[in-house]
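Next up, some structures in structure tokens.
What follows is a pair of complexes built around chain A, which joins chain B in one and chain C in the other.
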Partner chain A sequence: MSAEPTTIRSLDDPTIMVETPATIYDAIPPYPARTEREAEFYALRDGEMLINLGPQHPSTHGVLRVVLRIDGERVVDLDPVLGYLHRGVEKICENGDWHHAISNCDPLEYIASMFSEAMPVLAAEKLLDLEVPRRADYIRVLCWELNRIASHALFVGWLALDLGGLTPILYGFAERDEIVEMLAALTGQRLLFNYLRIGGVNGDLNHDFMSRLGEWMSRALVRIEEQQKLLNQNEIFIRRTKGLGVVSADIARRTLLSGPVLRATGVPFDVRRAHPYSVYPELEFDIPVRSEGDSYARYLLHYDEIKQSIGIIDQVLAKMPDGPIMAKIPRLLRIPPGRAYVAIESPRGQYSCYGVSDGSDQPFRLRIHDPSFFNLQAVGMMMPGNLVADTMAIMASLDPIMGGVDK
Partner chain B sequence: MTVADVAALMTTLHDDPDLRFLILSDLAGVDTGTTMQVVYHLWSDTTPDWLRVIAEGLPREDPRIPSVTFLWNGAEWAEREAYDMFGIIFEGNRDLRRIYMPPDYQSFPLRKDFLLADDAARSPGQGVRHMEQTFMPAESGAQPALRQGTGAGTTDALPMTTDALAASTPDTADASQRAPT
Partner chain C sequence: MTVIGRSWSRLTPAGKVLLPLLAVLLALPVLLVVGWATGFLPWLIGLLAQVLGANADIVRFLLAATVLLLFTVPTAFVIIFMEMKLIAFINLRLGPNRQGPWGVLSSTLHGLKVLAKEDFTPTGVDVPVFTLAPVVVYLGAIMTIMVIPFAPGLFGLDMDIGLLYFFAIAGMGVIGLMMAGWSSFNKYSLLGGLRAAAAIISYEIPLTLAVVGVIMLAGTMSLNQIVLQQAGSALDWYAFQQPLAFVIFFIAATAEAGRTPFDLTEADSEIVAGFATEYSGMRFGFFFFAEYVNVFILSALTATLFLGGWNAPFDLAIVLNALSVTVDPTIDPGSLGMGLLWLVLLGPPLVVLLLALPFWMLKSDWSFIKSLVVGFILFNVVVMALIGIWAYMSFPFVAGLFWFLVKTFSLVALFVIMRGTLPRVRIDQLMGFAWKWLIPAALVNIFVTAAAILVIRSGTD
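Here is the complex of A and B:
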């Protein structure tokens, strides 16, 4: 922090230059720049200023802090600051056994925790070379797709909420609530299900779940079509999403984006197709793709995916085989030494896990790759040049879940 | 091949028309207890082929490896995470600073010599270990009361235990007030 005076533009009259103590600018950050990029970011040019969003800003979907460097209303550059929700899940997983890892991974992607809790399960199964009973696989796919719809329904609501539209989130939550109640009837939990097990699932389909599912399925498609009308033709919504946050296919690939953010750029990449897992090869579904790469394309893609998921649920219910729901595994589970890499398609993209076992009952290393973490990185490319008010709209269209970003 | 060749190897895998491993699926740091590794998982963009590249044998004292951000700029945060958690230095990453932990943090949490306070399961016979025993003040010169009486072999598996902990004491003043009993 230096006490030398600096010349800045007057706030009252931008044509006048006034002398000011340099402390207000030097105070951010309160430590010397650690990298070239950080020094570059905090070296403000004439007329620029820093503005801090978060970490408690309601629109950052959790505790994300973003330092924006702005020139007037335009964002010049930004620096996301992560870690406010860091719990060290990977370390905790290393210190518990493989079964504990399931519930430890649950709160990573807390909007769709059926996906994050699958990570240690699938990794352990691959290391054990364990074949899961077909019924358990079908139940898993059923839960995954239901959870995907619940997550996507909320995404649309959130996006509209960040643009000032209050109605869609009520519809989104109504849809989500029916699904989580349904899953609560199956798993006992509304949010963090802790339902998948190494070798199968915990508990068979029950009457309560099936009746709720049947009732919801009978009108799901109609309701989704109805909700689409709320925003698809809404002029304010279109103006604030179309052409904003554009990312090209090549840049999306190099930035390691995945999920709807990648598919909105025209790349038909879906882990369910590219690297099939579970019983997805037996099911028929399309990979919806849009080519614009902007916020509006991402929004439309979410509805397309909801429709595909409903189709998958239909097939799963028709094909649901009988049989056991758990493979026979020993009670004290020692995973053979080895390395395994598993990946699934979560609502936000490629969710993958690199598990290393040293032959004990605890994971030696459990690396979780969270799509929100990688997708959030794209804000650095999407934001510059946009208005401050649009930063939230762009961020919401990436749909990051800070539980997974911060791990 | 040595670790320094990672950049050339990745460029070949990425650019060669017969290989085309265009997708960096994951970048993970691993601490084996004796050395550090960086594990890359690559996916082909057209076929279901996948490839695991393990850069192993990085010394624990000064693990250095070339960055792959020139191919995938999205690897920047993944490398920052590996740096934050393991202390692996990715040469060429222009923004290599801590991503999760605070800027003044000194330790690398996912290293095997960073023990959790109640890490009872991995130190049989020790029971629950308390925070004061895990983090000893650097000036006191005392050896951390880790893994004593746990039988032969445990200290061999973790050669850096005492050094790294003494060097990485986060809060010396505070810890010395809570001296172990």
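Here is the complex of A and C:
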């Protein structure tokens, strides 16, 4: 749209009309361009316009805002605007002690918070050189895999919802709700569990949790197979997602993509196998890989991973040892000075943390590497040239969680 | 005066509607008594009868228009409720279940809520166009209903160019969508309006071309005549003589009504709500109703053109003969004599008791009163069913209406199930499908039909 002035009703006094540049409706920032890139982006050519996707939009994931420069329906360029959910979690963690960091890190990955809350726990254990009881390790793996399934089930629903399918999101939520209720029976929370502890876990497995888990496991595979039938062979769905948002293995490696986005390009990288942690070396599971690198491959990969996770849960339940669930640690925990790097495989990829301790009971620095943030940078490569409708399918197939992106 | 004025301004919009209605309701009995006592009312009724009798055609038209206009709103409510409930079952949810039994009142209450909401005009819109757009869309939807034959003798208007009229008026709706999209001063609306224009204009072509085969077979464009041509059994329906046209027509109708998988005009995950983004209150309600009225009308037209309209799929007399059952629906209560009195007096209580008894005996935790209530409800259902069967066999228009509504609502259910299961197509796929597949297929259908008619007719001559 042009920058001609338009008269609008004054916000201060609704009875009078004031002249306002039309650009305020064009998402153009009211300050002069700060960088060359910004100047280039906001210099619209004839026939182009800017359109806002987010932070308030029915299908943005969290509060991501993407300013699209479109020519008709085709995306020419885009500018992601981050920071609407910035809380300064890393700084907050430095002000509390190591135990507080667990609940502070919980909302980072709010769909699968079992993974983000593990960050300070694992870093502190590595700094302490602490041996975690085997039962606690098995319980952790059980929770991680359950949470991974819950997160993956939602991914499928979101992708379908952004493509206009109303039903899969509710199937996904049905699975997720059972798992979340199950974990609530174990941890007392549905969303932000605050369950892992430095040296173990907060509580032992109880009857409520085990009966819910057994009931769910008895029909999980059948239900997952059933839900796949709705979209796997759907012609419209395949045409919408095949060949969309393709990223090559080389670029994916160089831009630090990880998780299903990376594995869909044919790179069999999974932290559980590449840099084993916890009791994963004792468990048998495959790393599903697809070579196409498009949205459809990512969609199929999520179902494959759900099946692998169900297999892991089966093994964990069979091998679950008896014993304590907490190591003996002092109540006032002073972490020895040093630096530790830990990484785990979250549903979105490599979740890692670099913890620095100065010998006090507070972390000196807790740097958290969130896979959503690195996966999100792929939109710049994937979106231009596609239609507005496809931006949503691409965004959903990258599955960013804004809690971790904005931190 | 100021006291009244202030109280009036404090009322909600719903109150402003309901209060005058209440006043009219109270004044009506008084006026009736006064009018009858003074002899003014009988004179007025006589005059009216005279005037109406002299202009029977105009009166019939106005009456039909009013009835059909009023018919659209409850129909939309029924379809909205059906959609909420059916999609809920597909989604493994319960759906609405709080407003009335099984939530049947939920869509009606939604409609009332929309009516009571603030009528909001955002800054920067083109006010006259913005205000008119919902009216145009709604008019385009409801004017087409005039030519649809519901049952023998039950139609708004029997036009020789009924189909042409239908497509001409149905095309008017897209102007309203464009108006809404353009005037809203919102980019999502603009994209939605342009998508609507592109999609609907593209799909009008296969929609119209698919019908050409039917017109050639029927030899008329009057929808009543097309229905009459399909009389007989289900095998005489044009769906079996024109299967390709039937499929093309249904797909194009889906796009025309803006339903999943072709609901790009209001794709909520892409362009918020499309052309309706800036609308609220009853203006949005008009768009919303128009969509569901469109679904009903296009289903009705599909049923009329391809599924035999109000024709029954089988002849009941033949079926009854085959089963050697004779049913005489004529009722002569006088022949029962004193038996009639016993039937009226003793029949209902006895049947209610009879129906309540099994519940009372089998459900040990039910009280006798509860069983009686269930028995009474069951008795009503049985009586209604019997009356329905009697009406079906006695009056052809009841049978016609029954089959017409069965066919139409089956197609509506198909629309709803499609919405529950399919994702949305992309705009380029939408246009490509219309121009590369549907239009060529419709043209092939026309040529094949024409050749077949030529061969068959020359054979009979």
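Here is the rule we go by: the second predicted complex is superposed on the first by the 380 of 407 C-alpha atoms of A that agree within 3 Å, B and C clash if a C-alpha of one lies under 4 Å from a C-alpha of the other, contacts with A are read in each partner's own complex, and residues count from 1 in each chain.
Here is the rule we use: a residue touches a chain if its C-beta (ideal position, glycine included) is under 8 Å from a C-beta of that chain, and two chains touch if they have at least 3 such contacts.
Just so it is clear, the model here is predicted, and its values are computed rather than measured.
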item: Side-by-side fit of chain B and chain C on chain A, or clash; value: fit
item: Partner chain in contact with A:Leu257 - chain B first, chain C second, else both or neither; value: first
item: Which superposed partner A:Ser309 touches (first chain B, second chain C, both, neither); value: neither
item: Contact breadth on chain A, by residue count: chain C or chain B; value: B
item: First, second, both or neither for A:Arg37, with chain B first and chain C second; value: first
item: First, second, both or neither for A:Arg240, with chain B first and chain C second; value: second
item: First, second, both or neither for A:Leu163, with chain B first and chain C second; value: second
item: Overlay on shared chain A, then closest C-alpha pair between chain B and chain C (Å); value: 25
item: Residues of chain A touching chain C in the complex; value: 6, 8-9, 25, 49, 51, 57-59, 73, 160-167, 170-171, 174, 230-231, 234, 236-237, 239-240, 387-392
item: Chain A-facing residues of chain B, complex; value: 22-26, 28-31, 39, 41, 43, 45, 48, 50, 52, 71-78, 81, 85, 94-104, 109-110, 114, 116, 119, 121-122
item: Chain C residues within the chain A interface of the complex; value: 87, 90-93, 123-124, 185, 187-188, 191, 260-261, 263-264, 267-272, 419-429
item: List of chain A residues in touch with chain B within their complex; value: 29, 31, 34-38, 82-83, 86, 88, 90-92, 94-97, 253-257, 269, 274-276, 339, 341, 343, 350, 352, 354, 356, 362, 365, 367, 369, 373-374, 377-378, 406-407
